[in-house]
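Okay, so subunit A shows up in both of these, paired with subunit B first and subunit C after.
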Partner chain A sequence: MHIPDGFLSPQTYLPAAALAVGAWAWAGRHLRSRLDETLIPRLALLTALAYGLGLVMLPLPGGTSGHALGVALLTLLFGLRLAFLAYSGVLLLQALLFGAGGLTALPVNALAMGLAGSATAILTFKLLRPLNESIAVLATAWVSVMVSGVLVALALGIQPLIAHQPDGTPLFFPFGLAITLPAVLLPHALIGIGEAALTLLVWRYAKSRKWIA
Partner chain B sequence: MDRMKPRHVLYLYLAVLPAPTFVHDPALLALGLLIALALAGAERWRILKRSLLAILAFNLSVSLGVVLVGLWQGRIDTGWLLLANLRVLLMVYLGFWFVARVNLLAALQGWPTATLVATLALGQARAFERLIRDFRHAFASRSIVKPRLLDRRRHAGAQAVALLDKAQAQSTEVALAMRSRGSFDA
Partner chain C sequence: MNTLMKKLLLLVCVWTPLAQAHAVDHRIEVSTAAIITLNYANERPFAHKQYTLTPAGQNKPMQVGETDAQGRIAFVPGELRHWRLKASSADGHGVNREIIVPAPLQSETALPATAASTSDSPSPPMQAIVPTRLSPPCDQPVWLRASIGLALMFGLFGLYQIFLRHRPR
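Coming up: the complex of A and B.
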């Protein structure tokens, strides 16, 4: 669900950049002391998996793309701060190496998918884990994808309202919320099911390798 | 630009990239694209082709949406189509030009954490690519007839587990090498 460069107005990406820089600084504090030769290979492995998942994308008529994220997976295994940083790195590499997303859109993409997706994952998992762990993992991945989708659709859908010419012609993304919300959320409701299944598989793999208690 | 340090090229790229979002005149954006093409040297057409391919699917889907809405309303907004497509093309072109000119890891030098994460993720992604290619070739060489869906599913499952184990082993080696070279020392 990357938003590409050129579809977001400066009124959107500049405040988002300020917010994202603060969030990156917060997430990066004491990072190096937490990274050791046990955690790094796992983080690199799953970051690369998220990178690969994000590249198998389908363009959606609403102006973004449909693809799995891997954010819930990163969050369940490494926590919010590392997941947010790792996913931001994934978005940066995808933008520079494949033109998927972009650097002006990076703060919005990182906040929507990396930070909000990760925070939602933690909340959902904490809430549902006491009931059933497997269902909690499935729900965590699906809800995380959908919340990220809502934020991406909102960021795109408000563009005609906040950046237009005097006659109302949009200067950036042309479609409003009535189009972006269903265009992003309906396909991602299905993609989220696939992501949930994949997250559960890798979660079980990680447990079998004793990465998690 | 060839004599500039990678980090300075990164700063220049970051400074120039937002400019097209402040320009709402298609003629000026076209001029910007022409200047970028002129400055890119011999690689210009390869970068342009790569940029066009990268934006094709997304821009086509949005542009078709605008055309359909325009047909329904009786007025197609060609100005917006030109503006949006030129802006996106110019921004993606600048990104690919930057990557073609500069080693990303060299540009990130000075930010140790960013370099560390980028090195590991890039290395791991390349390891994944190589492993998947090896698996695909091995599967193809063992399949005399077209594999059934069930065979493909079994192969994908085995490949996924082997991939994760192998990639984990490879990145453990990298991390140990980094440890022995003092990368984790405070």
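Coming up: the complex of A and C.
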């Protein structure tokens, strides 16, 4: 789901960068009060898990491949701000070391997967937790992946509309929304199921260790 | 032959070659091509995906097409070394970057000289095809890059842990 360099126009990544810097500043406020000594080892471990999940490419029907995110997991255990910061770090490392996602696209990737994915996870979990906690965790992970996917597909799919040559030839990414939305969402609907199962597994383990209330 | 027949013959002689001008002819030429291989990080080929190859700094693509089943693009760069390659799948995978074709491929005239083993030229043998693999920013093996990432991550968290332990309360 990572958008690489060269696929997004400056009209997209410059405003996104401004927005992301603001979001990172907001997420980093009062970090010391929220990140105590007992939390850091767990956060490091789960961030490493998200990093690892992003590197395991799952072959998907249609010749493409995808990977789980781990954003919902980070959010359920550490809250929105820490999850967003941690996942932004994961995206940065993946871009620098693996070329998975680009540096110019980092703000869009961070906002779509880190911030929006995390915010969606919080909302979904709060909404569904009163009904059934396990189902709420499963739905949280799946919806989080799908919302991130929608935003990534939107960012890619609008490129032919906003950045093209006078003859209409796209300058950056050639496929419109009618193609990107199903191309991103259908594989990630499958990936989301796997991610939901993994999230529930780790969630239950975390609860058994009293990492979460 | 009457005048009408002569005119008709003239018309046929002029018209027939023009009609042939619509035919698509082909020619097979053994030459020097560059082959770019695109694959996903897990080594699966980036197969049957759209690409454009444009000389660097220009707008009009020289070559547009689809990668083959092995994720390859074959093209004849001629004298140009710097190209912009755009290849993408609908789900957002792909590359959009400048590539540099290796120097030996620049000169097509050099190929026959290399093929002739009797040549006295001291230049090293030239490969007819040089695969140019689009590698990630870091060329180290995957396991090493993954380990570097983990080390950086745990290192940063570890430093913050030390900072918290030693901060004045």
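Heads up, the rule we're going with is that the second predicted complex is superposed on the first by the 205 of 213 C-alpha atoms of A that agree within 3 Å, B and C clash if a C-alpha of one lies under 4 Å from a C-alpha of the other, contacts with A are read in each partner's own complex, and residues count from 1 in each chain.
Please note the rule applied: a residue touches a chain if its C-beta (ideal position, glycine included) is under 8 Å from a C-beta of that chain, and two chains touch if they have at least 3 such contacts.
Keep in mind it's a predicted model, so treat the numbers as computed, not measured.
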Item to check | Clash or fit (per the criteria above) of subunit B with subunit C on subunit A | outcome: clash
Item to check | First (subunit B), second (subunit C), both or neither touched by A:Met1 | outcome: second
Next on the checklist: Contact-wise, after the overlay, does A:Ser33 reach subunit B, subunit C, both or neither (first, second, both, neither)?
Outcome noted: first
Checklist entry - Which partner, once the models are overlaid, touches more of subunit A's residues, subunit C or subunit B? => result B
Next on the checklist: Applying the document's definition of touch, where does A:Leu85 land relative to subunit B and subunit C: first, second, both, or neither?
Outcome noted: first
Next on the checklist: I'd like to know which partner A:Ala48 touches here: subunit B for first, subunit C for second, both or neither.
Outcome noted: both
Next on the checklist: On the A-aligned overlay, A:Pro187 touches which partner chain: subunit B = first, subunit C = second, or both, or neither?
Outcome noted: second
Next on the checklist: On the A-aligned overlay, A:Pro15 touches which partner chain: subunit B = first, subunit C = second, or both, or neither?
Outcome noted: neither
Checklist entry - Does the superposition put A:Thr104 against subunit B (first), subunit C (second), both, or neither? => result first
Checklist entry - In the superposed view, which residues of subunit A touch subunit B and also subunit C? => result 4-7, 32, 35-37, 40-41, 43-44, 47-48, 51-52, 59, 63-65, 89-90, 93, 95-100, 165, 172-175, 179
Checklist entry - Can you list the subunit C residues touching subunit A in their complex? => result 40-42, 44, 47-48, 50, 59, 86, 88-97, 135-138, 142, 145-146, 148-150, 152-154, 156-158, 160-161, 164-165, 167
Checklist outcome for this item: The subunit B residues in contact with subunit A across the complex are 14, 17-18, 20-22, 24, 50-51, 54-55, 57-62, 64-66, 69, 77, 79-80, 83-84, 87-88, 90-92, 95-96, 98-99, 104, 112-114, 116-118, 120-125, 127-128, 160-161, 164, 167-168, 171-172, 174-176, 178-179, 184, 186
Checklist entry - Contact residues on subunit A for subunit C in the complex? => result 1-7, 32, 35-37, 40-41, 43-44, 47-48, 51-52, 55, 57, 59, 63-66, 89-90, 93-100, 152-153, 156, 165, 172-175, 179-180, 183-184, 187
Item to check | Contacting residues of subunit A [partner subunit B, same complex] | outcome: 4-10, 13, 28, 31-33, 35-38, 40-45, 47-49, 51-52, 59-65, 85-86, 89-90, 92-93, 95-100, 102-104, 165, 169-175, 179, 201-202, 205, 209
